[in-house]
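For clarity, chains are labelled A, B, C and D in written order, and residue numbers in each chain start from 1.
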Amino acid sequence: MGRRVAARLGQAIVVLWVVATLAFFLIHAAPGDPFGFDAPSITPATRAFWRHQFGYDRPLGVQYARWLDNVAHGRFGYSQSLHEPVRDAIAQALPRTLLLMGVALVAAFAIGILLALFQVQHRGTRRARWAGTIALLFYSLPDFWLAMVLLLAFAYWVPILPAGFTVDPVMHQYMAPIPALVDRLRHLVLPALTLTLLTTAGVARFQRNELLEVLPLDFIRTARAKGLDERAVVRRHALRNALLPTITLAGLALPALLGGAVFVEKVFSWQGMGWLTVNAIGMRDYPLVMAAVIVATCMVVLGNLLADLAYAAADPRLRAD
Amino acid sequence: MPTDGPRRRAGPGWKQLTPGARAACGVIVLFVLAAVFAPLLTRYQPWQQLDVVRLKSLPPSLAHPFGTDRFSRDVYTRVLYGARVSLAIGALAVLLSSSVGTLYGAVAGYAGGVVDTVMMRIIDTFLSVPRVLLLIAVLALWSPVPLAGLILLIGLTGWFDIARIVRAQAMALRDREFVVAARSLGARPSAIVWRHVLPNVLAPVIVAGMLAVGNVIVLEAGLSFLGIGVREPTASWGTMFQDAANQFVSSWWAVIFPGVAIVATVLALNTLGDALRDLLDPRQLPAHPGSEFQEPAHG
Amino acid sequence: MAEPLLAIENLRTYFHTAGGVARAVDGLSLTVAPGETVGVVGESGCGKSVTALSILRLIGAPGRIESGSRILFQGRDLLSLDGRAMRAVRGNRIAMIFQEPMTALNPVFTVGDQVAEVARIHAGASRAEAWKRAVEMLDRVGIPAAGERAREYPHQLSGGMRQRVMIAMALMMQPDLLIADEPTTALDVTIQAQILELLAELQRQFGMSVLLITHDFGVIAETASRVVVMYGGEAVEQAPVRELFAHPHHPYTQGLLAAMPRLGASRERLQTIPGTVPAPTDWPAGCRFRDRCAFAWERCEREHPALHQLSADHASRCHLAVEPERRVAHPPAAPAEIA
Amino acid sequence: MRTLRLAACCLPIVWLAACGRGEPSASSAAGAVDGGTMVIAAPGDADNLLPPLSVTILGREVTDLVFDHLAEIDDSLHTIGDAGFTPRLARSWTWAPDSMSVVFHLDPRARWHDGQPVTARDVRFSLALYKNPKLGSPFAPALANVDSVSVKDSLTAIAWFHARQPESFFDIAYQLWVMPEHVYAAVPPEKLATSELARRPVGSGRFRFVSWQPGSRLEIQADTANYRGRARLDRVIWAISPDNDASFAQVMSGQADLLENATPDQLKAAAGHAGIRPFPWPSLQYAFMGMNFRSAKQRTRPNRFFADLRVRRAISMALDRRAMLHNVFDSLGAIGYGPFPRVLSTADTTLRIPPYDVAHAQALLDSAGWRTGPDSIRRKDGRPFEIRLIAPTSSAFRMSYAVLIQDALRKVGVKVDIDAAPFPVFFAKQTAGDFDAVLAGYSTDPNAAGAVQSWGTKSIIPAGGNYLSYSDPTFDALVDSATASFNAAAAKAYATRAYQTVADDAPAVWLYDVLSVGLINTRFHEAPLRADGWWEHLADWTIPPAARIDRDRIGLGAPKP
């Protein structure tokens, strides 16, 4: 187990190094000076001062080394558009994204697995086919499209849920703890629902395939030969096995989930990493964009690592060694 | 029944497809025909502003079956030409990623050993970077990006899954009799990959590619939605949707039709891809679980 | 002969695939008397495993037991039972052990759990009670330190131990009939013998009947009292074991026996009969063995042989039974394709 | 350089002719109890909160409310002499006989928000800071005529001018926000922009700054100890969201109270919605498509297309301004009449402008040597007529115009590449002259000198806001005469001739005047809206107690951390 963790950690570090390097050269290959556009309020003298301060006047190699050092220590520079260190901006946004993604991930896996069980237990029936078609439909929907439809439906036509993140959290500072919490949850509903729906379809498809792969196996036949009914066969013997690869899926789903979060956060003004990234693009805030990419990659790598470890812990065949 | 010959069986026949998959075929053929024969199916140009005062934001009518948009452009015409752009981006980007992925996967799988390990590590690394974010970052840095660049970028960030599928196939094929025979007869590795491995991985690549086209169409729409995809006056379904999104209440037709086109096409591609996948070999795909979550958008 | 415990009558199990209808079992009849061990022998693909699964009705789509088939167990037709009644039979009155003990056990449950589960299903035992009985049974099938072993997972056990676990699982409810589908094929030679010995011992203790399915005449010779030879989804020869070994009638049986290297040591498939079993989707008309038969003549192409009763307890599905003078060797008409 | 100020309000813009709604005077709300919370759905964040540096709309709103002038211009924006100006930090003022200086007598009750008294030293410091080149204030040129401020005693400051000019008083009173020396002198000017002080302003206005979370939220509260009386509202919160649709939804659901700019579609959707009404507000902004006189990439060379007057006139004639206006604004648009917004006192709506005449446009282009090629794109010397039009994505209206112009010019054989970019990038390109054509929104000062800043030779970039590098000595002379005139009628006559000169040179296609319409919750009683900033009297806005909702009853006090 220890060696496994060490090996995976080593891989993770290599991945992050590659991504940090990629980000560095992307920024430097990009046209324009990250400071060029702030012209009206920054004088040439100030610009020169900051260029020096950030080391943009140094040789590329030195800059690269400094960049790696900075990234390793979580220093991503100063955000020109937010007027604060990138690290502070991310420290604010990251928990929001983690909350959104965490809720969506848990809900999507719960619903997706149940949906898959339904489809497998009732395989061949019309109900199961309908469930499959609906899952496929959600799988085919563009994220922003679903987000906008839900926004229109629940914040506009039947206005029972708040449209976005911005306003009431603005008032939170003046609310009692309980109403503030309730309000936060209300604001979470639509974005989390969107992300959940989009993720559920993938989980259900995957889980269904895994279950269908397990069902022809010998030990399932053994379970049937014991006299177990089909429900118990699927839920007890097949599911336990089919869930193992699904643990890995939770890690593998992260890149897509993050991608989906970009659109969902944009549409619902949920001020997490995706929202931050899209805005940073709007402001040509390169350090922020690159930091977002690196942090997102970190999340993916970390997520995969955790998923791997969870898999190892859950599978008795791996647990022993 | 199982054959041991080098080639897969010819492929599923029309009769083996489910009614859903057949309908999906129909939808895809319809959109492809619409894209190819767009000039014959409409008398307008997609960018043509007919009369920016009198003919703007007209609801659907006989003259304009899908209505007109806020610049008095015929929405029906734009959906037809939008099919060209969206399908072309989907097809070309996937062609690119399939080619790169197939070659990469075939080499890695056939070579095996250290080469394979290193090549797969590289893929793992790229798979750790969320594709949408990577594309957003690159597109934002270099915007405005021309259409060819967009296709190139989407294509070059989408070949990892196909490479994995092909690698798995290639590894399985490596020790099969006909490959062993070819090798013992002194065929060069490149010839073996070209003559034996590639033809045999074609079917799963086609299926994976079909699913990928749907994903790319959604991805393009998403990027256009963020304003960093296709640019005016070129009409893609994504730009059309983005352009009209905030007028949903006042002129729904300008939003609904491109939206329906996207969803119908992607649903059709996914349905057909799924059906073919089940027919070819239910256990073969996905090569790795994450491909259930091919981005963009997904979810 | 007393009232049989199990009587299979005209069993037909067909697989309806895209490539056509595979008649895996096609009109099989056999009986098992109480306390008797019947061996079913044949090459892979002959339908013997499908027969075993058909008895427990564990055939999944696209397979189907065709109407007209009957499986009488203790006088009841299993094919007419509803799901619940059938489940009450499975693992309880009829138990089964499988060829591959490594894959037949669920890798993510402890072996104790899996054995105990049977008691929980059929005896309504509490968790603790079931566990206690499972450990007892594991002990009884010769697993040392059964209490500790019960807490281990299948991959932690050796192949022989796993098969003992399977046996324990099967015998938990003291079934009337044990179906053993190639119980020793995947095991080392020495272990094979141990397992067979164990089975015989337990059969004596419990007084149950055994339907032993194997491709290995060596195993049959050691354990069975009666043998059914299957080919092409049907029984081609039936006889008491000594009679069969002494006077095999069907050319196929003769081929099998000739290919048997020595008792109890045959691990590789029998390959000395030229050709392979034809695809069950298209059995040849006439005799299904004729393409591989050294004696085949034109009648074998034309006419499907009936099961001829050679004596009271010996039958053979071969035209030679009526035209014994045809037993003149010549090479097979068309050498079958060899992969 | 006032141009910068509202040019930054890159936002959707609508016009209404009538400025100011039914003028509820301060006295009408006399019975109202102070209190209430206003939430403004802001489309963009502030750049900084330093009066001399902030050029974003939110930055201006906050600094205008947190800081005070010496004296305040009247609502009709008279700029000549001190007519109409009312006391602010200065309780009164006395002119020197030669009009070369003014003595300001500061209000002894005036306090900074940290409790320190406002002194003459602060006034001197503020002027020096504005004019310090190390700070690089874009407003410094507007104070060019103010030489210095001297301190006579702690409550008496004397402003000295370089020349006797009609707008000397306007310059010192309107262009200078007074800042506390003891706070802002702590950081060297060149580091002020990026210092913590740029994010935590300390002023003397009726609102004081409370908190700013970049990208999401900014709050000010009534300064209860203020010498001019506390603001009537308890607090104003800007909820920042760049997504116009989300902001709209928030106003519709009552989470936000004010959306400054609504699109015609949103106005339509909100019509008849109880509790929400349109919020039209005047501005000094006008929008046009400008044509660059210089090459986009090499500033020293003339532009290949637009250096030729015939081409500029042809482009003007190829565009149906009224049709485009109607397309974008429905019936709410106001056509542009020339290089000024019509609310300006010097505006003249009768200038001769090239008419819409496609045939004439084609003929002009032919005569200029641009011949139609096989691909129906015009060419000259083998090079296609292909121009790059920059536009800010943040302005839905200008983005619409870009698409309309693209198709209209295609019809005369001109290919347009729309280079749409987010506002900061657009602004950088505009400032650098990196474009062939630009969809610009200029905001002018209320005085005639405003035109110099946009069209004068001496304001050609990088010195000023003349991004097109337009240069005409006749215009320069006429506009100088206008600004030097102490007689309003004469000033207007000069200005008209100056404007006609520009119109004849056709450096731009005058698209529309900007008057924005937003949406506001009906519980607010507004104070008069000023054309240079609807928020200038925000401290006098009220909410009747009966109309209040939960967040109006929070009361004053610091938010929880």
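Criterion: contacts are C-beta pairs under 8 Å (C-beta built on N, C-alpha and C of every residue); 3 or more make two chains touch, one makes a residue touch a chain.
Source: prediction; values computed, not measured.
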>> Give me the two chains with the most inter-chain contact pairs.
In response: A-B
>> Closest chain to the protein's overall Cα mean, using per-chain Cα means, please.
In response: A
>> Please tell me the distance, in whole Å, between the geometric centres of subunit A and subunit B computed from their C-alpha atoms.
In response: 23
> Just how far, in Å, is the C-alpha centre of subunit D from the one of subunit B?
Replying inline: 47
>> I'd like to verify one number: the distance from the centre of subunit C to the centre of subunit D, where each centre is the average of its C-alpha atoms, in whole angstrom.
In response: 92
> At what distance in angstrom does the C-alpha mean of subunit C lie from that of subunit B?
Replying inline: 50
>> Quick check: what residues of subunit D touch more than one other chain, meaning two or more?
In response: 393
> If you look at subunit B, which of its residues touch at least two other chains?
Replying inline: 245, 249
>> Going by the contact rule set out above, which residues of subunit A touch subunit C in the complex?
In response: 124, 216-219, 221-229, 237, 240-241, 244, 315-317, 320
> Given the complex with subunit A, which residues does subunit B contribute to the contact?
Replying inline: 20, 121, 124-125, 127-134, 136-138, 140-142, 214, 218, 221-222, 225-226, 228, 241, 245, 248-249, 259, 262-263, 266-267, 269-271, 274, 282-283, 286, 288-290, 292-299
>> Quick check: in the complex, which residue numbers of subunit C touch subunit A?
In response: 53, 56, 58, 60-61, 83-84, 87-92, 95-96, 98, 100, 103-110, 117-118, 121-122, 153, 155-156, 166, 169
> Any idea which subunit A residues touch subunit D in the complex?
Replying inline: 36-46, 49-50, 78-79, 81-84, 89, 92, 151, 155-156, 159, 162-164, 166-171, 173-174, 266-269, 271, 276, 279, 281-284
> Which of the residues in subunit A end up touching subunit B in this complex?
Replying inline: 11, 14-15, 18-19, 23, 26-27, 29-31, 133, 136-137, 139-145, 148, 152, 156, 195, 198-199, 201-203, 205-206, 209, 212-213, 245-246, 248-249, 252-260, 262-263, 266, 277-278, 281, 284, 286, 289-290, 292-293, 296-297, 300-301, 304
